[in-house]
Each structure stands twice: as C-alpha cells, then as structure tokens.
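Just dropping this structure here.
Chain lettering (A, B, C and D) follows the sequence in which the chains are written, and residue indices restart at 1 in each chain.
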Amino acid sequence: MKKIINDPDRFVDEMIEGILKAHPTLVKTPADDLRILVRADAPVAGHVGIVTGGGSGHLPLFKGYVGTGLCSGVAIGNVFSSPSSQQCFEAAKAVDGGAGVLFLYGNYGGDVFNFDLATDLAELEGIETRTVLGRDDVASQPKDRKADRRGVAGIIFAYKAAGAAAERGDDLDQVAAVAEDVIEHTATMGIGLSPTILPTTGHPSFELPDGEMEIGIGIHGEPGIHRGPLESADQIADRIITALVADLDLTSGSRVAVLVNGLGATPLEELYVLFRRVHTLLAERGITIAKSYVGEYATSLEMAGASISLLELNDERLALLEAPAKSPFFEE
Amino acid sequence: MRSVQLQESISRALGELVGYADELRDLDQALGDGDLGITVSLGAKAVIEALEALSDDASPTEIARTCAKAFANANPSTMAALVAGGLLAGSRGWATLDDVSVADAGAFARLAGENIANRGKTQLGDKTILDAIMPAAEALEAAADASSGLDEAIGAARRAVEDTTPLQSRRGRASWLQERSIGLQDPGATAFLRFLESWRAANDASAPADTVTARS
Amino acid sequence: MKKIINDPDRFVDEMIEGILKAHPTLVKTPADDLRILVRADAPVAGHVGIVTGGGSGHLPLFKGYVGTGLCSGVAIGNVFSSPSSQQCFEAAKAVDGGAGVLFLYGNYGGDVFNFDLATDLAELEGIETRTVLGRDDVASQPKDRKADRRGVAGIIFAYKAAGAAAERGDDLDQVAAVAEDVIEHTATMGIGLSPTILPTTGHPSFELPDGEMEIGIGIHGEPGIHRGPLESADQIADRIITALVADLDLTSGSRVAVLVNGLGATPLEELYVLFRRVHTLLAERGITIAKSYVGEYATSLEMAGASISLLELNDERLALLEAPAKSPFFEE
Amino acid sequence: MRSVQLQESISRALGELVGYADELRDLDQALGDGDLGITVSLGAKAVIEALEALSDDASPTEIARTCAKAFANANPSTMAALVAGGLLAGSRGWATLDDVSVADAGAFARLAGENIANRGKTQLGDKTILDAIMPAAEALEAAADASSGLDEAIGAARRAVEDTTPLQSRRGRASWLQERSIGLQDPGATAFLRFLESWRAANDASAPADTVTARS
C-alpha cells in the first residue's frame, strides 16, 4: 500500500485539519472532533440550510461542496463510512438560520439510517428538516426501482441547484423541491479500472484482472452490472450515453449538462478523450450540451475509472446551475 | 441471567465474534463494500469497553441500551444503525426485567427484528439479517431451556443463511448487484449467525454460568 | 496498460478536441492540426501575449493555464515531447497583439531548442519576443547551478503573475521581469510513488519497488536525488520544506504562497494531509502562508506522488496572484 | 558518393538504426526520460520517407537539409533539435559539393558538432553526443579511404562512449541526476555510435557501393 499518510486511523482527521488550514476564510468547524464543516458565515439568518454528508475518500465530494450557493454544512464519516446520527444532527444545528434544514446526501443505508435519526433529534430541538436522496446511478437498479438507486457523482447538480435556491431565499419546501427535481432528471453511470485501497486495512476494495473493466461501478468499488474486457474510450462512452439517454428519455431538442468525472487515478487527459465522444454522441441525437464539467468531482480514493452524468435541463435548472457559487473546490 | 453475567456473556461472545471479521469482510466485499468486518470488530470492541465502564448492577435494559449506543457510533454503517435500533427496540420489552430467560431473549430478538424490518423497509426473503433473526427469535421463544434454545436458534439462523443464498438481494448495497447477487451469501445474516455461534463457543465451554456467578 | 483511450497515436489530438468542445467560450485553436490553443479573445490588441508550451500528459499544465489573466496561448507536443518550433512560432503569431510575446515555459532541452528556433522565426515576422524559463525544481541541480534546474509545478505562479501583469497593460520587458522575479523566488520539490505509462509504448516510465519512493522526482518520471523507503506524510513534508526554506533563504517574517500538487493518481485527501504538516512546519519557523493551492496543478499522467512549491511573497507578487483570472482549469 | 547512393545509404543505415531503439530507450530511461528510442525510430522513418519523395539528383546539401527538417519535426526533442541543427550546419559546408568523400563527411561532422556545442552550450567532457561526434569527425578527416575511415570513426565513437560513462553528465536531463549519472552510459553518444555502426552494417555487407550505383 503506497499512500502519503501518517497513522491510518488519523487519516480523516488530519485531512480535515488540512482543509481548515488551507481555506480558513471559506469553511470552519463547529465540532470539537472536526467531523463537521460549515461555510464560514454559517448560520445564514433566514435562509434554508443544506446539510450533506457521507464517508470520506470521495474528495471533492462531500466536503468540497460547502460554500456560498452550495451546501451549508457537511457531516464527515470515516473512509467510506457514514457519519454518526449525532454528527448529522449537529451539522444541521450549526447551519440552521431559522428557515429549516435540507438533508441532501446519497442513498446509502448507513447514511440514510443515521440521517433519519438526526431528523428525529433535530425535531426535538425545533429544527424543521426535509430529506432528499441522491440516487442517480442507473447501473444500480432498473428504472422501475429508481427510488432504490445509489447516489453518485450526479448529486453535485443537486447541490448546485438547491444551493442557488437557498441563496436566493427559497423556503424549505421549495429548496427541497428543487433538489428533488434535479435528482429526478439526473442519470449517471461509471466504469472502474482498478480498485481502491482502504488506508486502515491496506486491502484492495475488489479484484479486477488485467485487461478487464467493471461497468456500472459504484464510488466505493461496488460491483456494477457487467465485468468485461477493457474497451476503447469511444466504446465506453457509447455504452454509457446509450444507457443515460434511454433512462432520461432524452430526445432531439433536449438540453443537458454533462459531467465527465474522474474516479481518482485517471488522468484528466483521458476524461477529455471521453468528453469528445460524449459530445459527438449527443450531437448525433440532436441533444445540446448547455453546460460541461470535466474533472474530478466525486472520487473513490485512488480508483482508476470515470463516470458520466447527464442532467436534463430546462430554463430554471440551467439558471440555477449558472448562479454564482464558491467553495474551496468549486466556483461558478 | 442477571446483570453481571449478562454483561460478561455479551463481552465474551463479542470477543469471540471479532475472529469472524475477515470472513464478514470478504462476504461484504463480494456483495457490498467490504466494511462489515470493520463494523463488527470496532463495534464489538466499543461494546466491550462500554460494558466495562457500566456498573455491575445495571439493568438488562440499561445493558442493551449501552450496547446499542456503543455499537451505533463505533463505525456508523447500515448494520451498525439497524442493529443499534434493534437493540433499543428490544430493550423496551425488557423494561421491567432484571433476570433474562431464554424466552426473554427470544422476545427481545423478535422486537429487534421487527424494528429492523420497519426501518429497513424489509420483508422476510429480501435476503438480509432479518431472515436470520426472525426464525432464531422463534426458536428461542419456543425453547425448553437456554442451551437447547441456543442450539435451535443457531440451526434456524444457519438454515436462513443457506436458504437465502440462492435468492436475489432486495435491500441495501447488495440489491445493486441485482441478478449477480444470486448465489452470494448475505453478510448481515451471517454476522448474526456468527454472533449466536460465538455466544455458544464463548459461554458454553470456556466459562459455564456458575463459574461466572461465583467470580462476581 | 489500463487506459481510457482510443488509438494511442490519436490520444493528444482527441484530448485537445475534447477541451475545445467542452470550453468553446474560453479557448479556440488557430491551427489545423489543433496543436495550439489560445484564449478565445486572442489576440488582445496592445497587450503582451504570453505563450507557453511543452509535452502533453501534464494537465492542467500547460494547456490549462490559457485564459484571461494567465497565458494567452500554448503550443502542444505529444506526450512528454516538445512541440515543434513551427508550432511555438505560430502560437506566438496567434496571440501577438502588437506588444510582443513572452515565451514562458519549463527548462527542458527539447522545449528550449524548439522555442529558440521559434524566436528566430518570430523575429523574421517582426514579432518581438522574450524568453523566461521555469526552473523551480531544487532537486534537479544544487543552488550554484540554479539556472540549469528543470521547471515543474511552480511555473503556475509565474503564469499567474505574468498573466496579471500583461492584463493590466505592462510592456514586454515588464511582463518578462515579473515572470523572472517570480521564478527566482519559487522553489519546488516532489516525490514519486509509482511510474507513469506512456500511451504509445505501454511501458512504465521507471521501476519503483513496493515500499519505496523517489525523492526529487521530475514530472516526466526523471529520477530524483535519492531513492528510499516510503516515509510518512509528515516525514515527506519535513524533508521537502527543509529543502525549500533553505533554498529560498526564508526566515521568520517571510510570507509565502504554498502549492501542494498531486502528480496524478494521489488522492486529494493525501494532499491535505501533506498541507496540514506544511502549515505546521512553516508556522514553527515564523513563516506566514498568504495563499494556498491544494490539488492537481501539474501532473504526470497517472503517476502517484506529490510536489510542494513555495513562492516567497512581497506585496507586488501577492497582488498579482490575487488578480482575477479565468481559464477552463483555473479561476481566481 | 553521389546523390542517389548517398540517399540510399542514409536510408539503409537508418533502417538498421531503428533496431537499436529499445537499447536507446533503456539508456535514456536510466539517465533521462526514455524517449530517445521514439525520437530515433520516428525520426529515422520520417527521414526515409522524406528521401523517398526527394528527387534522385538532389544535391548533397539538399539531402542533408531534407534529413534535418524531417528529423526535427518527427518527435521534437533535445536530440531531434540538436541533430537537425547540426545537419543544417554541416550542409552549409557542402554547398558546392556533388560527390561526397570521406573527408567531406569528416568536415560535415565537425561543423555539425560545433553547432551542437554552440546551441547546447556544451563542451567536450560534458558527457553528451558531442563527445562521440568530435573524435569521429577527426578520424574521418584523417582517413586514407572510406572504409578504414568509418572503422576508425566507429572506434573513436565507441571509446568516447566508454570513456565518458564514468563521468558526471553536465547537460540536459541527465545532468539533473548529478552524482547518480556517474557510471551510466550517455544515450545520445550511443545513438551516434549506433548510427555509424548501422551505416557500416547496412552499406558494407549487404549492398556494396557498386551494386547501388548499378541499380540506380
């Protein structure tokens, strides 16, 4: 295991210390154990707070999307592990400006059950909450079980849109509706070329023989729908775009935002080779790209691989994506 | 079984259970994300520590709640949250108890299972820990004595693990594997089976109940 | 070799096509073979143009720093190979707004000899040029041969400062002086944990046994000053900061900009663990961090490893770093 | 040696030279970035193609300039740029020539070497290609005939490669290795040696000069 770390058990804490020291004007922590980050000006009175959270190891997800026009706070778990319900609750408390809090995070059992408990705790303190789950990974469930899909990189569209809605003063139900609407129109699929190695165990998250790829992989190395020989960039893009376009029922005239996301070890160059093909495939179908993101937005430590997300746009969604936002990792 | 004995039995069983961490990690790796080994080993250690700090005359309800809290926070994951919720639900049925019989254990397991089913939106046959808990609860409730009850429960849990392996997983991470989950053994159900087996191994052989009582 | 590519010989071209399709409002190409990118509004009349260039495989270096307040154009070579002198010259021609062109790139023989030829070609067409070389890698030469050092990640400070100077209307000599001044006060050192694999050959760039690291590695996998057992993040930071502080003669009261740069496959989390220690080490020496950059700014395809750069600041340099800038990969 | 013969000799030698691409890659990997194999093989192919397109009665100067341009652009690198610059400089000494003698070849190599020294800011002993070119040029200039001249040049280049290996590299990528460069063989000097050896192998044995002339 070749990692630039110190004590593996201190990995997450030291990483958070690093973030706090590097970006003191943008984020702060209300927690003694540092497992919560909130935007530097939190709570913002009269505005809806948005709290996300999940396991570590996905930077810039989740911690990276705390800032103006984005999430207000994040509860941070160990690598690939949920934060505790207490941490989720305290994050909500730290960002509540009196207008309630939206819990917006990926659909993972551990996170769901802990955030659900946090909802109860928040209610006891008179903080109103809503919950919206990222569930954009089309490889994780067929369309008729859409509600059970896991959440992956596409959640950043929801952060951006809901964050913009909260920033302009929407109320809690409106912000939740924006997040839900965006997630409803987002679809993602990824491929993995190599496993991640957990700092604590030193074990690879899965085995993948030379020359093979895992199609539909999750951001913790969850197996996908198919394992097969490594394909060319164009073939991979074809496969994924076909699935996403069908899932979202995109047709000629549709407008989309595209996110080509690296899972950690894949060079940015390769993401642009993928994007090139995505552009061609969408153009062939009469679909316009109104907004493009290429880079690492949601990773899985040092996993090699990439995912492609599409968000079907209308004027409202596009305007929310284009609203200003700023965090240590994201700027619009 | 009274407070000290209950605490010590739990701790011994959990001490034994961590020996299965690698098996559970591997099963969870095939069907999920491989963290169940960590959840179980960190959770077990946290519970053992918490019980050490607990007073010797804590009520069974207090004991269960202590276990729940420690297990929930050690490595918050699906299993940790569901098991902790289950322990809290089970503890509510023990409110007036200070000596736990095998039937009480059965009732506890049933309440825990029902809570897990509720929070996890799970049914029997979805291939989760629930499939192992419910028949084990039944076996404990119907048992003539503690030892045979435990044997029956282990048998029931083992059958559940075996019988659900050919099914498709319907809940949690494993469900994302869809058809590929067929034939893979459920890690959560296995963890519950290993817990029962650990209880028997740690408490039947090495440390008969009398000895424990005598020591305390 | 697990890469998300098509024909290895088309890798660079397809990547550039991807960049052009993803960022049509920010960059454009004046070249039929696409091997030149310039900012969308180039040439900017009356302003000094800045042309950089070098081999591919370092994204966001070099192509990523073409934009407002940054470089005006870039000449793009194959993976780890120089662009041709013709390409360097044509990039200069495309960005010349009548105020001359600064060639600002890393000190590599291939690049130097080709850019030098481009200088001759530019003169023939009446375009005035200056040349400033990035040469920040302290591991590549001792201090008494500073002029022979290779250029690595620290060149981004020079892009930022020279770009700001050009944007505010400095003349060619002034812009060159700004770049030279920044490079003079920049020092970098890196470590490598794994090799890169060239798409065309499929061969690893070097061999590094399990459990070892290369200290002082270059961004093409050039060997460093020492190969030894992999150290902890804190030990690595100690080693590098000691070298950089000595090289720049930093003392209590100095102000610096810090860049903790990932070489490709190293997770962002690990870079923050490094940054944490850098912060502590500088604070212990009474050195203030006035500006922090943590992430991938200059990579080496899928190499695992990191580099740390320090730029000693004064008011002028800090102001230039803080001036606005925007490219597909960089925003201030 | 006249136009066609010169063109064909160059092409044959370069065809042979690409067989050393892996050796040069490995040497450059140890002391640099490993791209010299590519520079030489792409460069050789580009030159061969360019010569195919060149007219049979092109002057030696034109031939050298064609080689320079093709080699420079195939894989622009230090060696490509320096060698191309050297070829252009050498070609200036051939301005009035249409039959190339071994002494002309020696003069060419000397001019090329001087240009490389200039542009590369290099001296003899810096452990670069220059250390192989200069003694080879001398041997060619002093030679009694073409065949012995080539043998002498090869011997001189080989000695240069061997003698500079224990030195520290002072120029280019290799210089960044500092003390670690000591004991490693210079790839550029080796490339020049292999070029001379390839010339002999391809042109002495397989295709004696007469045959070539007869064919054209």
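Observations
FYI, a contact is a pair of C-beta atoms (placed from the backbone, for glycine too) under 8 Å apart; a residue touches a chain by one contact, two chains touch by 3 or more.
Treat the numbers as computed from the prediction; the structure is a model and nothing was measured.
Distance from the centre of chain C peaks at B, each centre being the average of the chain's Cα atoms. We define each chain's centre as the mean of its Cα atoms; on that basis chain C and chain D are separated by 33 Å. Chain B and chain D have centres, each the mean of its CA atoms, that are 77 Å apart.
Chain A and chain C have centres, each the mean of its CA atoms, that are 29 Å apart.
With centres taken as mean Cα positions, chain C sits 56 Å from chain B. Residue positions of chain C touching 2 or more other chains: none.
If touching chains are joined by edges, the resulting network of the protein chains shown is an open path. Pairwise chain contacts present here: A-B, A-C, C-D [touch as defined]. Every residue of chain C that touches chain A in the complex is listed here, in rising order: 2-6, 11-12, 14-19, 21-23, 56-57, 59-60, 191, 193-194, 210-211, 213, 230, 232-234, 236, 264-276, 279, 292, 294-296, 299, 301-302, 304-306, 329, 331.
For chain D in complex with chain C, the residues that touch the partner chain are 25, 29, 32-35, 38, 72-73, 75-78, 80-82, 85, 119-120, 171-173, 175-178, 180. Contacts from chain C toward chain D in the complex involve residues 77-78, 80-86, 108-110, 113-114, 116-117, 137, 139-142, 148-150, 198, 200-201, 203, 205-206, 218, 220-223, 225.
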